[in-house]
Amino acid sequence: MLTKQQAAAAVRDAKAELGITWRQLADTVGRPVAWTTAALLGQHPMGEQEARAAASLLDLEPEVEASLREQPYRGALGHQVPTDPTVYRLHEVLEVYGPTIKELIHEEFGDGIMSAINFRLDVRRESDPQGDRVVLTLNGKFLPYQW
Amino acid sequence: MLTKQQAAAAVRDAKAELGITWRQLADTVGRPVAWTTAALLGQHPMGEQEARAAASLLDLEPEVEASLREQPYRGALGHQVPTDPTVYRLHEVLEVYGPTIKELIHEEFGDGIMSAINFRLDVRRESDPQGDRVVLTLNGKFLPYQW
Amino acid sequence: MLTKQQAAAAVRDAKAELGITWRQLADTVGRPVAWTTAALLGQHPMGEQEARAAASLLDLEPEVEASLREQPYRGALGHQVPTDPTVYRLHEVLEVYGPTIKELIHEEFGDGIMSAINFRLDVRRESDPQGDRVVLTLNGKFLPYQW
Amino acid sequence: MLTKQQAAAAVRDAKAELGITWRQLADTVGRPVAWTTAALLGQHPMGEQEARAAASLLDLEPEVEASLREQPYRGALGHQVPTDPTVYRLHEVLEVYGPTIKELIHEEFGDGIMSAINFRLDVRRESDPQGDRVVLTLNGKFLPYQW
Amino acid sequence: MLTKQQAAAAVRDAKAELGITWRQLADTVGRPVAWTTAALLGQHPMGEQEARAAASLLDLEPEVEASLREQPYRGALGHQVPTDPTVYRLHEVLEVYGPTIKELIHEEFGDGIMSAINFRLDVRRESDPQGDRVVLTLNGKFLPYQW
Amino acid sequence: MLTKQQAAAAVRDAKAELGITWRQLADTVGRPVAWTTAALLGQHPMGEQEARAAASLLDLEPEVEASLREQPYRGALGHQVPTDPTVYRLHEVLEVYGPTIKELIHEEFGDGIMSAINFRLDVRRESDPQGDRVVLTLNGKFLPYQW
Amino acid sequence: MLTKQQAAAAVRDAKAELGITWRQLADTVGRPVAWTTAALLGQHPMGEQEARAAASLLDLEPEVEASLREQPYRGALGHQVPTDPTVYRLHEVLEVYGPTIKELIHEEFGDGIMSAINFRLDVRRESDPQGDRVVLTLNGKFLPYQW
Amino acid sequence: MLTKQQAAAAVRDAKAELGITWRQLADTVGRPVAWTTAALLGQHPMGEQEARAAASLLDLEPEVEASLREQPYRGALGHQVPTDPTVYRLHEVLEVYGPTIKELIHEEFGDGIMSAINFRLDVRRESDPQGDRVVLTLNGKFLPYQW
Amino acid sequence: MLTKQQAAAAVRDAKAELGITWRQLADTVGRPVAWTTAALLGQHPMGEQEARAAASLLDLEPEVEASLREQPYRGALGHQVPTDPTVYRLHEVLEVYGPTIKELIHEEFGDGIMSAINFRLDVRRESDPQGDRVVLTLNGKFLPYQW
Amino acid sequence: MLTKQQAAAAVRDAKAELGITWRQLADTVGRPVAWTTAALLGQHPMGEQEARAAASLLDLEPEVEASLREQPYRGALGHQVPTDPTVYRLHEVLEVYGPTIKELIHEEFGDGIMSAINFRLDVRRESDPQGDRVVLTLNGKFLPYQW
């Protein structure tokens, strides 16, 4: 069976060759675009229907489709400090604002965390006369420490 | 002069002793709460007025106030992989969704990055009958690669 | 204010000097022994009553008591691979059985994790004629991936 | 001969294709499910009978069966800090509660360790109206330091 | 599709075989020489025309040309501290003069950074009777911290 | 005697208190501003006159002045990958353009390096209607491999 | 209370000042010399009598004596690869002969380990006309994997 | 030519298939068993006769035999901290007893090291009613620091 | 084209098969033996004549000869701390005597470095009745810091 | 007692204050200059006479003199890859020429190492009209692998 990385490479190749976008894939699969992208890159297991729809649109081999349905070992960064500038900026936000986020979560909610499991993500464009902006929304359930 | 870390410790102590919140500090300083928290934790230099207002509310020594106005060396994580569970969840989001965010930024905007400098952050609570949610909004200007 | 590490050192010293056990501390505080030990070592914030009870039994300074009530930055290992043999064996279990645990969680529950937040821990002795055994029970809520 | 990793991959593939569970494999092999899973993932050598039973149920090649009987080099984590969220939570338990476990072992047993060799592991589901729970039991012989 | 690394290797091979220089490639592509070199080494996506011109001069396979147009994962150093002496000297400059550059940027511009995105680079020779000199010019837009 | 780091801290404090700029210090010392800044931050030993001039302008203690004249152990980055965004951008340039610079040096000069010892650095502002630019010039003697 | 490291430093100082050897200390304490040395360097907790005997011979402060009786966090190497040549040679033996030892243990005993807990160590001199030899004997109970 | 790692894999495979032990190999080769095992695992170059004897007993290809005679790059651990429990215990001995061994070598011999080159190793079983014991003997010439 | 590592492997294989020494290669190439060895191991680009002479003596394929003429990415150690004992001893010299060499260079020459580019190396045997000695001579131009 | 690092700092301070050179110290101590420098920097224990002579010339406190006579834990580099340019060049030599040295030692001497214990070092100036040269001579006994 193909690994998740090999399946993701096959997805990228087919997508580039056919000129299909992540949003088109998300519409076909019937899930939000960020979830669909993450799943096709190997970070979420797809359901039978979802994998079939994606495989059909991208004309993927059956073994790619099978791999998309597998339970992943998650974690996509090659290095602990990412070298790609687009990804690095997110790490920089964590370096500069991590403790700020921690303080404000605890001030508002008490002791606990924002779940990264019961969690959703959105990436959108915000028009701005001084140059458009990227807006990322991270939305996770608060989980209090509970013994 | 005090280091930014020493000043941040003095801020935390005074804040705990006086029972003041980050939101009250932000109101006093007249800046958004996330910016104010980051600045008082040593990640942004404060203006003269802002430092004076914070120092007065928290009854800080003059050398703490002076330190708050200094240009920082930024970067607040003790380890490249943070050990604190609240902060770690943000690193996990990067591990699991980093390439997804990269793909969606490039699909929407082309080659470039979301700035972490021309950038603002918001942390808020979203009510939810199944348990309230933490919502983080990262909002940064898109910067295209431009030679 | 004292750091959590300094407070933990003060706790250890007083405990050794007075010959008090973690179980006696847990009875006094009115919480399970593993939680109480973790809290006094700086990994959980104590409530006002709990901190007062522990401080009184151990005859701690007010600033230690105040520190015990603070929100912690969690993470207690000096190195990513612990050098202490007692602690290392737990890391070895993770090295040898980590993927086994992952497979069995997914087989039983589907895609998700065992929470380390909505979580409790128990350490107990099991009599055995061939030598008594240490039994650790890790009990955490299952959290399914939920977009 | 196949490496243990290659054999484990063959096991996973056959298992997914045939829709067989780890528990069915454990019943066939006649050993506890956690042991069986660990052995098939390459962390324990299987006996002749055990390897034959597993190979027969999964329809594995003889060289896979031979590999399952080999003495392993143990250690299954690709990184010292695991990136997979399911596995990471176990590392987080060690970060937050490692010293607590150490203190309670020494208080109960004196100077020594919980063996990770004379050791067994159990993973089970506990029903709970607020969401079912994962319960891991680590059971190892206490070994006192003995010169 | 070929990876960017494989495409860069094909570029290097063809370039060596045909005896073509980076400057000739830059003239053919119609972009500055440093940009062209970086793009052919896999650090910038090329436009359709640019990739075609380079592929034609170097007689590259279509799949190499396709790869040159792909969005890259940037970051070209195999190690965080480069071992190659030519590249190491640039790291040494950062070690010795990094804080100096930071101080002088802040003194001249206030709080912010030199962009590495809205950025251009030039490498040229300066004649000198005591031995010619290498002159690198790094030219990036100043981006002020702006909330 | 004070370490170079302690002397640099004393310089920064005095400079901030007296409102003196690096350029004023460079004029007083009679050396280029980048050299002067690097020397006062502990990366170059100062001559007797230079140290006296700087100490007099900043009203420094004799032991600080003595330390400024000492031979340094160079290297100013706390981490191999710098966390400060202003400094990180220089590391990013190396990640993205390091091999490009290497190729162009070898194409122009043959096998060898740009010296970081027989080397000078300049930091200046370039006016630009779309936002002013930071221009760094790295100027080092070419050293051919010579057996 | 003193840390184990501080106590070990006090032991070394007193031992050097008084000209006492580790063998004399072992005789006084009534334990083997390697155990005694390890305990005084902070790797084993001493019993009440043992600590008193050592403290009396070395004329140590009561707080040093108390520290010697504490349960240690073990692990004495400052770096994972030791820099001291005497200690490094032991690491080199592990690098060169580690798998050899593993193979021969498994050939002789089957699957399991040599305990480092139920373990003793001896260091002795062997006369040899070509230069005397250091002989280290590591003697640990074999522990079979036992579920 | 095969690498030493490939030759070692061929040795292991043939050995497992033919059911030959390391001791039988040592007898055939005419060298001590620990040396023979280390050499066949790629840590010592074999003489012509030795390689031929081993190759003949194991029915190895000529290119394996040639590789066994090559000068090795030594060092067999995949990670600086070994993950295999059998090998880790040796690292743990170094962590816990490394400074003890150093102290006792210096007390007995003065300043110098135990050679790991003029060195031999033995692994043997010691019968013990409480469970047999593994005994490792490390025997190396003392080399004094000599300018 | 072959990488430098692949070319070095081909050199080693041919050299072993034909029984040719590095000194014979150096005589054929007409350069010092240390330079020749380094070049054939991929650390220096060879001139056209030199590569042809070596390829002819070793009967190498044209693509190996082409690779020997390429500009290398230098740096030959697999790990920052080498595991091979022969190479490690040189690292140990740096650990133990690095600061000594630095002090003596500065005392003799002032502020600057010994060039590793304008540099030559010699390895020779020195007869000694107590055992022959290896003598390494490192000879590099002194480069003063020069702004 | 002072640590070796503290003693080395005291030596450096006194040496700077009194304007004494390492060569003068070596003459006073009666040992070669490289050995003397290494010993005063904490890498060799000094004999009673040697320590007294150095202490007297530098007017050191008795506790510094006592520390100079202690057995050191060797290893003087703060980082595995040194940041100081003077010291780094030696590391670069190891990176570029390490395998060359290994090959030539084995070609000349067979399997074994150059001792770093039975070893001496010399640093001297070589006049050269094109700029004087630093010449380092590393001279160590060859030790053959000997079981």
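Per-chain numbering from 1; labels A, B, C, D, E, F, G, H, I and J assigned in written order.
The rule is simple: a contact is a pair of C-beta atoms (placed from the backbone, for glycine too) under 8 Å apart; a residue touches a chain by one contact, two chains touch by 3 or more.
What you see is a predicted model; the values in this text were computed from it and never measured.
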Subunit I and subunit H - chains in contact with each: G, J
Longest centre-to-centre distance from subunit H, chain (CA-based): B
Between the pairs I-J and A-F, the one where more C-beta pairs touch: I-J
Subunit C onto subunit G, rotation angle from CA fit, given as a multiple of 5 degrees: 70
Distance between chain centroids, defined by C-alpha means - subunit C, subunit E (Å): 50
Centroid spacing, where centroids are CA-atom means, of subunit B and subunit D in whole angstrom: 41
Subunit B and subunit G, separation of their C-alpha mean positions in angstrom: 48
Set of subunit C residues in contact with two or more other chains: 73-75, 77, 81-86, 92, 95-96, 102, 106, 112-113, 115-117, 119, 143
Pairwise touch network: line, ring, star, complete, or other: other
Chains that touch, pairwise: A-B, A-C, A-D, A-E, A-F, B-C, B-D, B-E, B-F, C-D, C-G, C-H, D-G, D-H, E-F, E-I, E-J, F-I, F-J, G-H, G-I, G-J, H-I, H-J, I-J
Touching residues on subunit G, where the partner in the complex is subunit I: 81, 83, 85, 88, 92, 95-96
Footprint of subunit E on subunit F - complex, ascending: 21-23, 33-34, 37-38, 41, 43, 74-77, 80-82, 84-87, 89-109, 112-116, 119, 121, 123-126, 128, 130-143
Subunit J-facing residues of subunit F, complex: 1, 66, 70, 72-75, 77, 116-117
Contacting residues of subunit C [partner subunit G, same complex]: 12-13, 16-17, 79, 82-86
Subunit J partner contacts - residues on subunit H that touch it in the complex: 31-32, 35, 44-45, 71, 73, 102, 106, 111-113, 115, 117-120, 143-147
